[in-house]
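Here chain A shows up in two complexes: once beside chain B, once beside chain C.
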Partner chain A sequence: MRSLLWKEWHEQRWKLAFGSLILGAFAGVGLHARVIADENLLEMVCFLAVLLLSVMSSTGLVPAEREEGTMRMLLALPVRPSLVFSIKMLIGVLLCVVPLIFSALVSIAIAGGREISTASILALHARTLAATLSLYFWMLALTVRLPTEARASLIAIGVLIIWMMLTLGLLAGEDWHRPGILSRLMALDPFVFLAGFPHTGWVVSLALAACVQATIALALCLWAAWQFPKAKEARP
Partner chain B sequence: MSDNNLSHEDSRDERPRDEHSREGSASASRVIEMIGVVKQFGRKHVLEGVNLTVFAGQTFAFLGRNGAGKSTAIRMLLGLLKPDAGTVRVLGMDPQAEPLKVRQRVGYLAEDQAMFGWMQVRQIIAFVKPFYPTWDEKWARHLCERFELPMTTKVRHLSKGQGVRVGLLLALAHRPELVILDDPTLGLDPIMRKEFLRDLVTFLQGERVTVFFSSHLLYEIEPVADAVAILDRGRIVRQAQTEALRENVKRLILPSAAEAVARGLPGLLDISRRGRQIAVVVEDAQAAGAALARQGVSHESIDLNLDEIFEAYVIGRKEPANAEPSLERVA
Partner chain C sequence: MNRSTALLWKEWHEVRLFLAIALFVFLGLPLIGAVENQIARHQFLLSASLWVFLLGGVLAVFVGVGTVMRDMNGRLEEFWRSRPVSVTRWLIIKYFVGLAVVFVSLAIPLIVEIAVNGKGAGFGTDPRLILAWSPFFWAAVYSLSFAVACLVRRGAHATMVSIAALLLIYFLPQIIRPLRYLGLGWVIDESGFPSRDAGGHVLGMYHRLFWMPWAVRYRPLQLEFAAAMLVLCVIGLALAVEATRQDWRVRAGRKAIYWLIGSALLVIFSAAAFQNASNLPLLQTVELPAQHENDLMAADGSNGVIAWRNWGKANTFSRIAFETLRIDPSGVKIHSKHEVESDLEIISMIWNPGQPDVLYLPAATPLSPDVREGTAMLAVIDMRSGARSRLSAQPIPDVPKYNKSSDPGQFAALTLVWHDRLYLLGPLLTTFDLSSPLKPRLLPTQKIVWTTHGKNVQNQLVIEELEQESDTVTLALPPVPGLPLRQRLELVASMFSRYIMLTGDILIRLHGDHLTTYRLDALTPTSATFRKLGRYDPTAAEKLFGSSMERGAAAGGLAFVVLSDNQFGGTRIAVIDVSSARPRPVGHFAISGESYMGALCPLPDGRLLAVGERRLYVLGPPPDAN
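== the complex of A and B ==
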């Protein structure tokens, strides 16, 4: 297990550094320059984080390995495919978590308590993390069988766009005074953590959405783990 | 051409002599056993009732053209693919039920094996080592020296030959009981292929290990293989000891007047016409010779190498054609 962790860490550490640097730099430069309100800038940083981290972490783990042809070697080792997959998934989660923590720290260091409280910065980043992870599991499950990183990236971007369109549709169709079926469907939407529920308080609704989406993520993970050893790797 | 059941029986008859005296432990000495294995991908039938037996200590050549189903069969031996029907046993275990135990006791080198290019040779060894409880550090170091591997060079910077040697080292360093080599010299130039075989032979000399070697380059297999199985379009068309195969399968040269007799020869694999002669390749030269003698047809018998035998099995024609290579050249 340590051997697999070491390999994945060595392969993914530059992505982790890249994600942290991009988000940290964006937050740092933006907050330092004070061109727009801190809250708006942090919302932009968080939206960028959702797009960047979910795609980067989901497509660089399994399809990239298949593309290089090394998946065949990995699966031929005396190790359970489920363990290989779990470690890859764990590293993917780290790729989402660490840059957001870094971005939160930079934001708090520069603008904590200035226009927006430290708690709000942390809450915004926590909601961003929830949305990112939710999308990450969708992308991971839908790209786990793909033989190339390029194809996986296209699918991942497609997942992003579809969920963004659905979010807009759900928000547009929502009756702001009388919660209906659409507001319940919002619980399935990864972007709900950023868009929020128009008709109810944040806390209760987000807790419900988190439970629903954790269940969905678990189901997606199990499906991806089942599919993981089955697909063929790309041939050079 | 023998059918699958016959080829399976054939393999029993031609197993090493010491196996006959150990009937009780016969199943234990069978390192690989495939019985009636069927596999299809969608509508494509890849393996159609494959029967195969490899005994302990053999260097077994698994021959077939590209796309014959060799790699599919090998992936089943490692538990990477599930057969649609039939039984697969490796070292007495079912690879589907106990894939990790099988892989711990098997060394495997795939065709065109892609390895982690960013790792140095010493790093890839350190990466693979923890997966094998029987990893022999001293033996691994010996192999590194023997194969002249640059330990601090990244795998992506190795030559193709060095890359294959790293793969061979990783397949051998845990002292496996069975080594499965799936066309490992694919893409190497002839010199590198010779070097690889030299390394393999060096390894085999000191070890009582079973080697299952898949290839379509027969001339490189011939010097090392004790037994062969020929896979053609998903079926084993022949399994036998290499020597027995060479003794039995021969080319017979007959006068063209005997063409009708030649067509009726038992175990006919290939027939070609050239000038005033007919050349036939038969599975059992002795039986064919006896049949010709009964008909009063004189013939000349020519030994074949493994390459020619393989050709006769997989592309042999039962009807004579004129566009065959000259008999003089073949002889």
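== the complex of A and C ==
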């Protein structure tokens, strides 16, 4: 297991560095120059994080292995494929989490308590992380069988666009901020954490959204594990 | 058929697909749109230039990479290298055939648009200007894409790298000021809007472009753009030839592409962010009560006042709230808060620094849908009496009745306090003696004859020369007895205080998307003549962060301008140094959670007071203003 972790870490760590540096640099430069209001800039960085991290982390795990022809070797190892998949999935989660933590730290170091409180910065990053992870599981499940990273990226971008369009469609509905059918439908949307919650009863809505998204993520995860190549596929 | 002809034939047969696709996209689709327009609006107008201008560079990238990748692909490349054909000749023919395809497929739609639409074309940038300058840009982008493809030898990667290069060539001149003359947008604007003299004639430094059949003007400085793009073409072609001859290859893996694109975006963002100049230090924030739009913010170095009109009974602005300020180097304190009820029709609010606890309000008796005219009044608010502050008003009998719908502010269109006199100028000059601040004494009303260019200005003041940005602007000064020339000029400027500002001898006119500055040339008893000094156009990056110049204030050679239309929400203040011929941004301030910025008030010590919806911001002077 440690070897597998070591392998994945060595393969994916540049993405960790890339995501952290890009998000940290955008947040750092923007907050240092104060080119727009801190809150608006952080929202922009978090939106970038959702787009970048979800696609980058989900598409480089399994399809890249297949593209490089190393999947068979991986499956031929004396470990259960489910363990291989779990480690890959864990690394993917790490690729989403670490850059956002880095971005939050940079933001707090430069602008914590300046225009918006440190707690608000942390909350915004937490909401972004929740949305990123929700999208990550969608993309992981839908790209796990694809043969190349490029094709997986296209599918991931398609997933992103479809959810964004659905979000816009739901947000265009009137009074969605009030408890009702639209706000309940929003709980299915990965962007629910970024779009906000009804003014009244937001705790219930947040809990509902978290439960729904966790259930969806679990289902997608199981689906992806089911779709992950079995050991017999390693045979020529 | 000699070798070159054979190579030409081969390249043409390979690349003509690009031509067909490009012509369909850039000419075919707009033609469909034009037919649709003909059916719906009975007007056959072609809008190809919009797409050519937006996507011409992308086509250059695709053709540049596509022409190379077809032959530089493993065994096919080995086959070509084995032929008795010089690599240089083969590559140069490939280069020029591809370039010709780019030019033809982008120029034909523009020419057809010019022919179809004639002079009445109105889809953004004039196609003649695009045709005059964009080919240099397309050639540079094509050449760099061609070179990148020769080096990288992987289509998708070369395309991404080329698009990064395209972004840099297009945006860097807009972001980095010293490179602005190398920007496509700048050369097109310069030809589209050449500087003119006071008579409206184009200045002598502009000539007609010799390579264009239509009248397109240029000034010699614009040739720097053409030269720079041609240099990029030469570099691109030389690099491509040498890379192919020497078989240089750059291994652009996934990592390299990610880092390259990320770095390009970061460079553009960083340059844009820092180009907006350093931020004004926020010295203090004072919470204000939730009010309606701020009507007055005035302060000198030690006192100030903020006033609002609020809704009262019967949905009329019948409550006036105001807070007096005490200002010292340590900060700003709210000294007292007041509110008075009044159903008068308030026209404006005037604060006199000499009497900081008194507010003068030109007003009219209450209006309603049935009562359209009111008697002109001057109301006075005594702010010294704390919570019991009161409003007293006296009529101004000699001036015509005030009619809000026909001519707002007619009897007090221009206002000024000078020494112990309050001047209200409309069709008549109304003067009050303020020797007793709470009991202004009405002096005899005078009719003044105020002319410009032989026309009687009265209060219908339209400064056409400022609107047209003529090189010389003459403002007619009202002959107000006893008022010095300088104060007369300030009186005229007071009418447009939100978008025409005076600081010293500099007049600033906000035009929404840019500002123009003028320097006072001559001040005579009848007029003030200004000569155009400079113009500031926000760059594309600034526009991204919000650049609609709504209103502002000026002091000490600096213009403080409220910017809106922010794509990311919020409001910004830009500080622009207008003291020289080249106005430049020296500071900015982004305000969180403020969708509206009421008023700006520069203090003599360089600090700035800015009133938002619920807060008063005290900002320090821009660090690099000097």
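Note that the second predicted complex is superposed on the first by the 218 of 236 C-alpha atoms of A that agree within 3 Å, B and C clash if a C-alpha of one lies under 4 Å from a C-alpha of the other, contacts with A are read in each partner's own complex, and residues count from 1 in each chain.
The rule we apply is simple: a residue touches a chain if its C-beta (ideal position, glycine included) is under 8 Å from a C-beta of that chain, and two chains touch if they have at least 3 such contacts.
Predicted, not measured: the structure shown is a model, and the values here were computed from it.
A.B. asks: Quick one: on chain A, after the overlay, do chain B and chain C clash, or do they fit? Just give me the call.
C.D. replies: Fit.
A.B. asks: Which holds for A:V29: it touches chain B only (first), chain C only (second), both, or neither?
C.D. replies: Touch status of A:V29: second partner only.
A.B. asks: Between chain B (first) and chain C (second), which, if any, makes contact with A:D38: first, second, both or neither?
C.D. replies: Touch partner of A:D38: chain C, not chain B.
A.B. asks: After lining up the shared chain so the two structures overlap, which partner does A:K7 touch, if you call chain B first and chain C second: first, second, both or neither?
C.D. replies: A:K7: touches chain B, not chain C.
A.B. asks: Could you read off the angle at the CA centre of chain A, spanning the centres of chain B and chain C, to the nearest 10°?
C.D. replies: Angle at the centre of chain A: 130 degrees.
A.B. asks: More residues of chain A are touched by which partner: chain B or chain C?
C.D. replies: In the superposed model, C touches more residues of chain A.
A.B. asks: For A:L188, decide between first (touching chain B), second (touching chain C), both and neither.
C.D. replies: After superposing on A, A:L188 lies clear of both chain B and chain C.
A.B. asks: May I ask you to decide whether A:F18 touches chain B, chain C, both, or neither, giving the answer as first, second, both or neither?
C.D. replies: So A:F18 only meets chain C here.
A.B. asks: After lining up the shared chain so the two structures overlap, which partner does A:I116 touch, if you call chain B first and chain C second: first, second, both or neither?
C.D. replies: It touches chain C, and chain B stays clear.
A.B. asks: Counting only touches as set out at the top, which of chain B and chain C does A:M73 meet: first, second, both, neither?
C.D. replies: In the superposition, A:M73 contacts chain B only.
A.B. asks: Just the number, please: smallest Cα separation between chain B and chain C in the overlaid arrangement, in Å.
C.D. replies: 13
A.B. asks: Flag every residue of chain A that touches chain C in the complex, lowest number first.
C.D. replies: 14-15, 18, 21-22, 25-26, 29-30, 32-41, 43-44, 56, 60, 115-116, 149-150
A.B. asks: Which of the residues in chain A end up touching chain B in this complex?
C.D. replies: Listed in rising order, the residues are 2-3, 6-7, 10-11, 68-70, 72-73, 75-80, 229, 236.
A.B. asks: Can you tell me which positions in chain C touch chain A when the two form their complex?
C.D. replies: 156, 254-255, 258-259, 262, 265-266, 269-270, 272-274, 276, 278-279, 545-546, 566, 568-570, 572, 588-594
A.B. asks: Please name which positions on chain B make contact with chain A in the complex.
C.D. replies: Those residues of chain B that touch chain A are 78, 80, 99-101, 103-104, 108, 110, 112-119, 126-132.
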